[in-house]
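We just call them A, B, C and D in the order they show up, numbering each chain from 1.
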Amino acid sequence: MIVMDEKETDKKAALIEFFKADKFVELAGIKIEEITNEYAVCTAEITPAHLNANGCVQGGMLYTLADFTFAVLENYLHATTVTQCGHINYLRPAFTDKLIATARETERAGHTCLCEVRVTDASGKVCCICNFSGFIKEK
Amino acid sequence: MIVMDEKETDKKAALIEFFKADKFVELAGIKIEEITNEYAVCTAEITPAHLNANGCVQGGMLYTLADFTFAVLENYLHATTVTQCGHINYLRPAFTDKLIATARETERAGHTCLCEVRVTDASGKVCCICNFSGFIKEK
Amino acid sequence: MIVMDEKETDKKAALIEFFKADKFVELAGIKIEEITNEYAVCTAEITPAHLNANGCVQGGMLYTLADFTFAVLENYLHATTVTQCGHINYLRPAFTDKLIATARETERAGHTCLCEVRVTDASGKVCCICNFSGFIKEK
Amino acid sequence: MIVMDEKETDKKAALIEFFKADKFVELAGIKIEEITNEYAVCTAEITPAHLNANGCVQGGMLYTLADFTFAVLENYLHATTVTQCGHINYLRPAFTDKLIATARETERAGHTCLCEVRVTDASGKVCCICNFSGFIKEK
């Protein structure tokens, strides 16, 4: 049990270390908050640099946060996983000082994993829901 | 004819001016290259800040470029248009010094417009294809 | 309480009656099993008429079952709702004598509702997951 | 040249023969009209059996026609290709006596092919546009 905990901790630490090399995520100010076997959470403090011409959070920023949270979860649950396709549904414009993305795997079969990511503002309102399919390189 | 040309030029200039306020697009280094009635082209010079932990262009960067090119085209063709949903298919990792996105409207019906955006590297290879649906606020 | 129950029952009965006019669903052998405020379930007994050239359930049949289950749920939860777009991820070929589709609304905002539909075979294995967005005509 | 033509003809004939075993497509009244290296066309004569409860062509019928046209094209262009995911955007309700679906491959990379299918009514109006990604089993 203790050994397992250590392994888990090691895997998380290695993953967090690995993702430090993601420079676009750094540029976007995205941070990993939580990684578990059920879900992953990433957040971003919203600054003027994240806004579009209408003064709300830019769609690409929302997508980047969701896609990264998906990548964090799937690369924790499986070996190397790459995004095959992503689908984003915009629900409400985000006027907020913080974005929170939560990724959950909805299903896995063979080399394919499906994942839903909900992005909410600081008050908990859902701004967009994304669905990703990933290809798990090694099973 | 001259009047029409002037109007066209005015509309383009106003649109380019409007999109200068998109701060996330500025952060991502994306530029508008061309706006016509048939297509829009945006580009980005790739720097280390655009790369993911595997050293290729981050998926969120590819999406942001595509989504913005869609927004440029649709807001030129119609009145205010907002993205309803976006779908991205990744085809090849982008190891490149430049990305070029070309948006074309595939169909329009009522308040809905559909658009395909192809993102290529400097050599012309397609990195991803995106499909967007937009809601045209005023017809 | 009793009045409310009666109303609920009346709405369900009216909806089931309305959907009897869906002739393609009848042709496909799809039946409504359950309608609640949380989910809707539809099923189909699989016959040779549902199979593709490889001997497993045809992709269009899987989609039709999922799309209809979405329509049943959303038209129960809201006033008239029409499908805007549907997205289907195929996970496993369905060799089965029965298909069960379960629809759950994942989010609603303004005129838009999002819904996930899971289609399983008789043993509970997920064959495909569909995500729909609907437009609610009257709020 | 003649030999090549014969081979082409043989491949088409074999494919048409193979797809005769698709019983759901037969049930839906879908027919292969044309197969070329650039596109494939399938059609369906619309009867009351294809309609939904609102009296227009059922969404699952539209999807089935599009998905099959995609399958016909991709299995002609490549070896065995299976659908990974399908995305359908509904544009106009179809009140028509005939549906025509035209599939074109938009890109191919490695084992992945992307395809757009436009479904029009008898007057040429686009009812829906579908985007599919397929997995090419053998390259």
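A few comments on the model shown:
Just so it is clear, a residue touches a chain if its C-beta (ideal position, glycine included) is under 8 Å from a C-beta of that chain, and two chains touch if they have at least 3 such contacts.
Predicted model, so just to flag it, every value in this text is computed and none were measured.
Look at the CA centroids: the one farthest from the centroid of chain D belongs to A. Remark: among chain pairs C-D and B-C, C-D carries the greater number of C-beta contacts. A separation of 35 Å divides the Cα centre of chain B from that of chain C. Averaging Cα coordinates per chain places chain A and chain C 29 Å apart. Chain D has its Cα centroid 23 Å from the Cα centroid of chain C.
Among all residues of chain A, those that touch two or more other chains are 84-85, 87, 89, 112, 133.
Looking at the complex, you find that chain D touches chain C at residues 18-28, 48-53, 57-61, 63-65, 67-68, 71, 82-90.
Remark: chain C residues 84-85, 87, 112, 133 touch chain B in the complex. Interface residues of chain D facing chain B in the complex, by the touch rule stated above, are 87, 89, 91-92, 106-107, 109-110, 112, 114, 116, 118, 126, 129, 131, 133.
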